[in-house]
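Below you'll find the structure I mean.
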Amino acid sequence: MPQLNADLAGFSRDIGMHNLAPLWERTRRMQPCTPCEPALWRYADTRPLLARATSLITTRDAERRVLVLENPALRGSFQITQSLFAGLQIILPGEIAPSHRHTPNALRFIIEGEGAYTAVDGERTPMAPGDFVVTPNWTWHDHGNLGTAPVVWLDGLDTPFAQLFGAVFRENHPQESQPVTRAAGDAAARYGANLLPLDYHAGHTHGRSPLLRYPYARTRESLEQLAKSAAPHPVHGVKPRYVNPATGGHAFPTMAAFMQWLPRGFDGRGYRCTDGAVYCVVEGRGAIHVGDERLEFAAHDCFVIPPWRAHRFTAHADCDCVLFSFSDRWEQESLGFWRETPD
Amino acid sequence: MPQLNADLAGFSRDIGMHNLAPLWERTRRMQPCTPCEPALWRYADTRPLLARATSLITTRDAERRVLVLENPALRGSFQITQSLFAGLQIILPGEIAPSHRHTPNALRFIIEGEGAYTAVDGERTPMAPGDFVVTPNWTWHDHGNLGTAPVVWLDGLDTPFAQLFGAVFRENHPQESQPVTRAAGDAAARYGANLLPLDYHAGHTHGRSPLLRYPYARTRESLEQLAKSAAPHPVHGVKPRYVNPATGGHAFPTMAAFMQWLPRGFDGRGYRCTDGAVYCVVEGRGAIHVGDERLEFAAHDCFVIPPWRAHRFTAHADCDCVLFSFSDRWEQESLGFWRETPD
Amino acid sequence: MPQLNADLAGFSRDIGMHNLAPLWERTRRMQPCTPCEPALWRYADTRPLLARATSLITTRDAERRVLVLENPALRGSFQITQSLFAGLQIILPGEIAPSHRHTPNALRFIIEGEGAYTAVDGERTPMAPGDFVVTPNWTWHDHGNLGTAPVVWLDGLDTPFAQLFGAVFRENHPQESQPVTRAAGDAAARYGANLLPLDYHAGHTHGRSPLLRYPYARTRESLEQLAKSAAPHPVHGVKPRYVNPATGGHAFPTMAAFMQWLPRGFDGRGYRCTDGAVYCVVEGRGAIHVGDERLEFAAHDCFVIPPWRAHRFTAHADCDCVLFSFSDRWEQESLGFWRETPD
Amino acid sequence: MPQLNADLAGFSRDIGMHNLAPLWERTRRMQPCTPCEPALWRYADTRPLLARATSLITTRDAERRVLVLENPALRGSFQITQSLFAGLQIILPGEIAPSHRHTPNALRFIIEGEGAYTAVDGERTPMAPGDFVVTPNWTWHDHGNLGTAPVVWLDGLDTPFAQLFGAVFRENHPQESQPVTRAAGDAAARYGANLLPLDYHAGHTHGRSPLLRYPYARTRESLEQLAKSAAPHPVHGVKPRYVNPATGGHAFPTMAAFMQWLPRGFDGRGYRCTDGAVYCVVEGRGAIHVGDERLEFAAHDCFVIPPWRAHRFTAHADCDCVLFSFSDRWEQESLGFWRETPD
């Protein structure tokens, strides 16, 4: 940046009145940077707070009883990274989170409890721990708990993209619960069995996965098989991505979601990539090393790794780890912004 | 066509010497037509002939012990339609069909017997009745029967395309059986569970499905669910297509494959489409009505419906029918040639 | 192929009655081969025959006054390669080739004469020597000559594909000339200027180019610039492909078209590829060497190179050569069949 | 939003310590909104300020002598909308804007002056008024003015996306001007003439246009032809989009660019869409009506229309208008966020 003399300073003031700013005064040159910081939310801390929330506010009053995971460096923004929203939602037996739709895409990753469902497109999808459930852009959705215990899941949304675009839209459904028009399991049979309906055209779907639910039983079976049949990747262990079965793309046009297996004792290599990622621990114990920080994690903990921050994974010696994660990698890749490097 | 006078006739002779022909003498205007005819091969007839073949020639001598299903109107061509090859292959316990590769894509649909495998890309895929197995263009493949009974399957190839292109290539593998380098089930875990490896790029695969096998158990479960959750299509019943999980396209760049459920008593509407299709009956009994012909079918029978030939399906009153089929529809669709119409 | 004994011979006879054939008796193993042969049509020979045709039959009687370029090895087939049709069409001043449409895609490459047009989608596209004009699948088209001299062009069609599919359809337009609904130059302005209409969706076009005409003036200007700015390719010289501006694909879903510049004295390397190609010489003199054959060519000559046949180009020492060509390469590439190799 | 009682307020404080926030306290429900406001920059105001800048700072000191067009509602952000950067750049005869590269994509729209160039990929592209020039993501680029008068252009970048992703990277080239390795006009001949090199693969380019420059002469000729051959769109007049000739997509993976012709006296219909757009007036005079505001524009003025803000165009009775514009529409469309409606 040039030495600023009095004339330049005066000039800057003058042009300011015309809604103009001098590029040469930008405080820093372009460089990869983000305000957001790594952070971990222990389930041991968040679970009791979720319980307390249930005694203070109903799902009906809250519309969605969600504790937002806010990046410590982005307080007040409702953001966990600059491009992602994450929150922990709890719903009690008998409660209903009323039906609405919005332009941000939403994912659910089930942490605890049986018996809840997410209704999308007239189908009620049961949710069990470890399941990955998608609620694409502008689809009516409501949640209910038909079970006998509270159900907790991680919500992930791409709200910051919709905000960046000025394209946040939202509507309430006339009914609290949308009518059930499709049998449970219909989407799984239609799209999840390596088959597609004769007349299905992915071209009209903007890359949204028609498969509402990726059941953990099947995902885990696949991870175990892969862990047996090949050596783990030095950085990632075994890490497949969830697929839109109608395109081979990711589960959402914006967000990519992943499941990751770290064999017991895994001591991962350092790595950085431009997509900041939100993790939820499914099984096992381990640590994520970010710079000098070492964040110990256990089942149900959530953590965030900022973009372009060097990090590496280790798994406890006596248990395999399973980690769910999501990020904006898909969008970065398709736009040509995504980078990775060993570190 | 114009009245041909002597001068024109002489002209035609003269230009013939220059490898020229008069377009106006083409015997017929463009119109949809095909030399091929509908035909049905009863398993009651073909199975004993397959057995007799096993006593006359070994798989090693035959390289592939296949009885080619030849369209009655295309005898000598080894074609069941102008664009497709179909054959019945039988392999005895202990036999090996040696490893080779070729540019035509090949599919297998298993008709009878347990214990056989197809090895592709270093993985041995077990084959059970009703399974759909793909051998993409130019992949090494060999078959073996580790069971105690003969195994029979339907082979489908797009050889006529390769011939049209003048692009038929073939190689023998140095070993009779290619080395096994991947655990059984590896491809299913990698590509079949609505997941994909992080580093998988479908762009390099020319639309070939990396999923070696579509197990019948899963396909049938899907069909049954769909048969319950929606009314059957008036022409097709319940008819999904097999999908390349990495693209959402069909199993091959040329050939589309389908599975079809006709509920008992199904009385289908008349229909015609430009793709001629080869069928193999998996379960049940019924009939295909083509023009005035009525071809009764039972389990394991194979039949062919020519392009643009009006036809309709009926299922016997006391059993649901399951039909496997394949055709060149995918290629016709992507090139803009495919048509269908009620009839 | 195994030694055939009496039993096997009898078996083959027996299964024949069931429309079955023994694969092991196939006369040859899979290998790249084509019946078609290289051939060249000298304009010095064909032009007088075209003239004579004009005196013997009218365009109205002939519908299209075309002399079909028939491969010497495929006489009677109306094919120049197994997958392509080519013909020379002549139209006299005042004549009209009446409006019709058909499923085969058609291209025109203008050889001689000014003042003719091709009408497609309600627009009359003027045709000048060297222009490449497309008539996509199922578009109404008619030709007329508003000039004062005969006009001659090369027709190229993918009829054999439509025949293979059993999907040859054809219709006459109620009027001899379709109504003109778009100004001349409309398609060029809409699609040819590196712009597209806001609401244009290539997805619905099956890869058909909306750009009716690729004018030679512009193509040649581009070739000359490229010939100056880079060394010629050792095999191809300077050889761009015509592009569908709405997709970046080829001009047709089936056929690829190319223009080629061989600098004077060009002495090309040997080469073979699986797509058989039809050439039309635009400018210059040279030779195509196929095996031991040496085919001398001059402006307006047409020739064919069969699939997988080794060949090389040479250009006369005193003139640059410009060659138009088309083949089924695009389809072979998209299906994964296409191969090339130095030779 | 529920009535907040003391307990809830206390709860919110408590969870705050854990980097958690109560979703039910979000101050507003999701709704389309943007902080940014419509604004217009008169060239009559900005041009003298650009001149004054030339006397105060050199291009070398400034690196890029750019006056940033800052949205009045986003002062300090260097943003004209939340997703776009725009600025006016002036370069004097003999000056060089040194070579660098960065991950944000950049476009130039030339406003005034002849003789300047942008060098990208080793080719120097001349810039004339009305030309649209692209500098894709991570390509080395430098500018120079070889003429005798100052040259002014509009810069447009997608920097906010790179910032959102945390993927802003930047590098200086070792030399002030990158070496010239390709003849001027090479990219135009290679990619701009509805031809593509045989070996060009768009798949590796992340949708970046290889065509460096869209000359105004050709664009305007196309607009005039279209204005003659069809009635103007009631909202947009004649408005094509710039195309990536290798894909049929937009000029950038993020940003779409458009050219627009409003015939004299055009009185456009009201309209709103979710992409906020930056405009630069090329020819003519008219007005943009946004809500109750009426912004009169003349040649070289720039203005911005926020996302989802109702607006309509009028053109002065005695002159046709030509407007250049760019927005993030392409990305919104591909992600499924884009909407439009009459208003």
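Should a chain be cited, it is by its letter among A, B, C and D, assigned in written order, with residues numbered from 1 in that chain.
Quick note on the criterion: a residue touches a chain if its C-beta (ideal position, glycine included) is under 8 Å from a C-beta of that chain, and two chains touch if they have at least 3 such contacts.
These figures come from a predicted structure and were not determined experimentally.
Participant: Hop distance check: chain A to chain C, minimum number of steps through touching chains?
Facilitator: 2
Participant: Trace the shortest chain of touching neighbours from chain B to chain D and give its length in steps.
Facilitator: 2
Participant: Between chain A and chain D, tell me the centre distance in angstrom, where each centre is the average of that chain's C-alpha atoms.
Facilitator: So the centroids are 31 Å from each other.
Participant: How big is the gap, in whole Å, between where the Cα atoms of chain C centre and where those of chain D centre?
Facilitator: Whole-Å distance between the two chain centres: 42.
Participant: By the touch rule stated above, which residues of chain D touch at least two different other chains?
Facilitator: In chain D, nothing touches at least two other chains.
Participant: If you look only at chain B, which of its residues touch chain C in the complex?
Facilitator: So the residues of chain B touching chain C come out as 2, 7-8, 11, 14-16, 18-24, 26, 29-34, 36, 39, 41, 45-46, 49, 52-53, 56-57, 61-72, 75-76, 78, 81-83, 87-88, 102-104, 137-138, 159-170, 206-208, 253-254, 274-276, 306-308, 328, 331-332, 334-339.
Participant: So in the complex, the part of chain D that touches chain C is made up of which residues?
Facilitator: Per the touch definition, chain D meets chain C at residues 182-183, 185-186, 188-190, 192-198, 202, 211, 214, 218-219, 221-223, 225-226, 228-230, 233, 236, 239-248, 258-259.
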